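Each chain carries a letter (A, B, C, D and E) given by its place in the written order, and its residues are counted from 1.
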């Protein structure tokens, strides 16, 4: 339930077994007006998102639904959409920062 | 469980299939005393809210109930009311910033 | 699971139907040492709280239990107690700011 | 899932009935490096914690399990342990601030 | 659903009985660009993480799944992976701060 930008990927060999085969991306939440936060979220990619793309991240049951491996899984956040753009009061925010008007 | 102002809309073509047909709005949480936050929430519009209007946003099971497509859905936040106004200690906060006293 | 002060009420005509008849109050979380936050929470009043009173706010299943209309409801925060006072290391914090020692 | 210090107690006569008999403590989250937050959490004491003691606070289903009155209860945070100490990179943080090295 | 660094361990003798035998680690969330937060999370170690290692922390049902003692347990956060590294826009962030490029 937030928009963020994919800023990277996490690699992990030692992990809980239900995380096997999941692509884990690092997402930086979007802030209005060009502000930047240092916080990040790690979310399972369910949609084929790339670094730099703006995405929608959800949590909990919604994330488990999107991951599609049932509810007995050791992760609870997921990327469920790649954002084409946002219309913010007449200002167009694009799929990546390069597309912003 | 928070009041915020609708500041825009999110467009997404590549998305988890249960998001099809949902209108996704960007909401900026309301702060007391005229302060502004750069944070935003994306929530499914279930009520016909417009940009600039103050709305109530809920999460989790409450949001899924409002969306009305069951609990197997990849989203967990929703707009469930358009605020007519808030009475804050005698000060009237309106449906939009233009209506504030 | 937090203490806050009721700072106002929210009015909404256009709302999800399960919100009908609920009294929605605006609560400002309590901070130690006289600090003030601009953040607010909207919570269903289940106890008859008044503006200026300090209250306990809960979320999720606990809130739905307190609201008492079942779990198929589009809200997930509730006021479950009016605070008589808090004993903070010998300092008495009252039911309202006027009662603080 | 956080460590905090018990800084006081909450008294409430007007409260949702399932809160009867619960001891509600005010907890200030622990921050690294001696920083202090003004935020507080209210949690049900399930372990016999005293003011000044560092404790573990949990939320949601975990808290309801610890409270032990079933899931139909109007509270969702609980103190589940009194911390003997924390080993933070060679630095010992004690049960209370007086025990810190 | 966040990356953090294990900064220590919590010891507790007086605790809710379902916490018996669990190793509780203190995790400091990772921030972009070398920023540091004073906030910490306590999470059950399910993977054999060491102090200084970067790890993935999850909450709620995902954490209970990883802990593997069923859902009637008084904790709701867990370490589910030790991070080999993160690829952040060409910059490599390592398993520990010593491995960062």
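Worth a mention:
Everything that follows uses one rule, which is that a contact is a pair of C-beta atoms (placed from the backbone, for glycine too) under 8 Å apart; a residue touches a chain by one contact, two chains touch by 3 or more.
Note that the structure is a prediction, hence the values are computed from the model and not measured.
Shared contacts of subunit A and subunit D, meaning chains that touch the two of them, come down to E. The centroid of the Cα atoms in subunit A and the matching centroid in subunit C are 32 Å apart.
In this assembly, the C-alpha centroid of subunit C lies 20 Å from the C-alpha centroid of subunit D.
Multi-chain contact residues of subunit E, defined as those touching 2 or more other chains: 59-60. Taken as a contact graph, with one node per protein chain and an edge wherever two chains touch, the assembly forms a single closed ring in which every chain touches exactly two others.
Remark: subunit C residues 7-16, 18-19, 24, 26, 28, 38-43, 51, 59-60, 64, 71-77 touch subunit B in the complex. Residues 1-3, 29-33, 35, 46-48, 56, 58-63, 65-66, 78, 80-89, 93 of subunit B are the ones that touch subunit C when the two sit in their complex.
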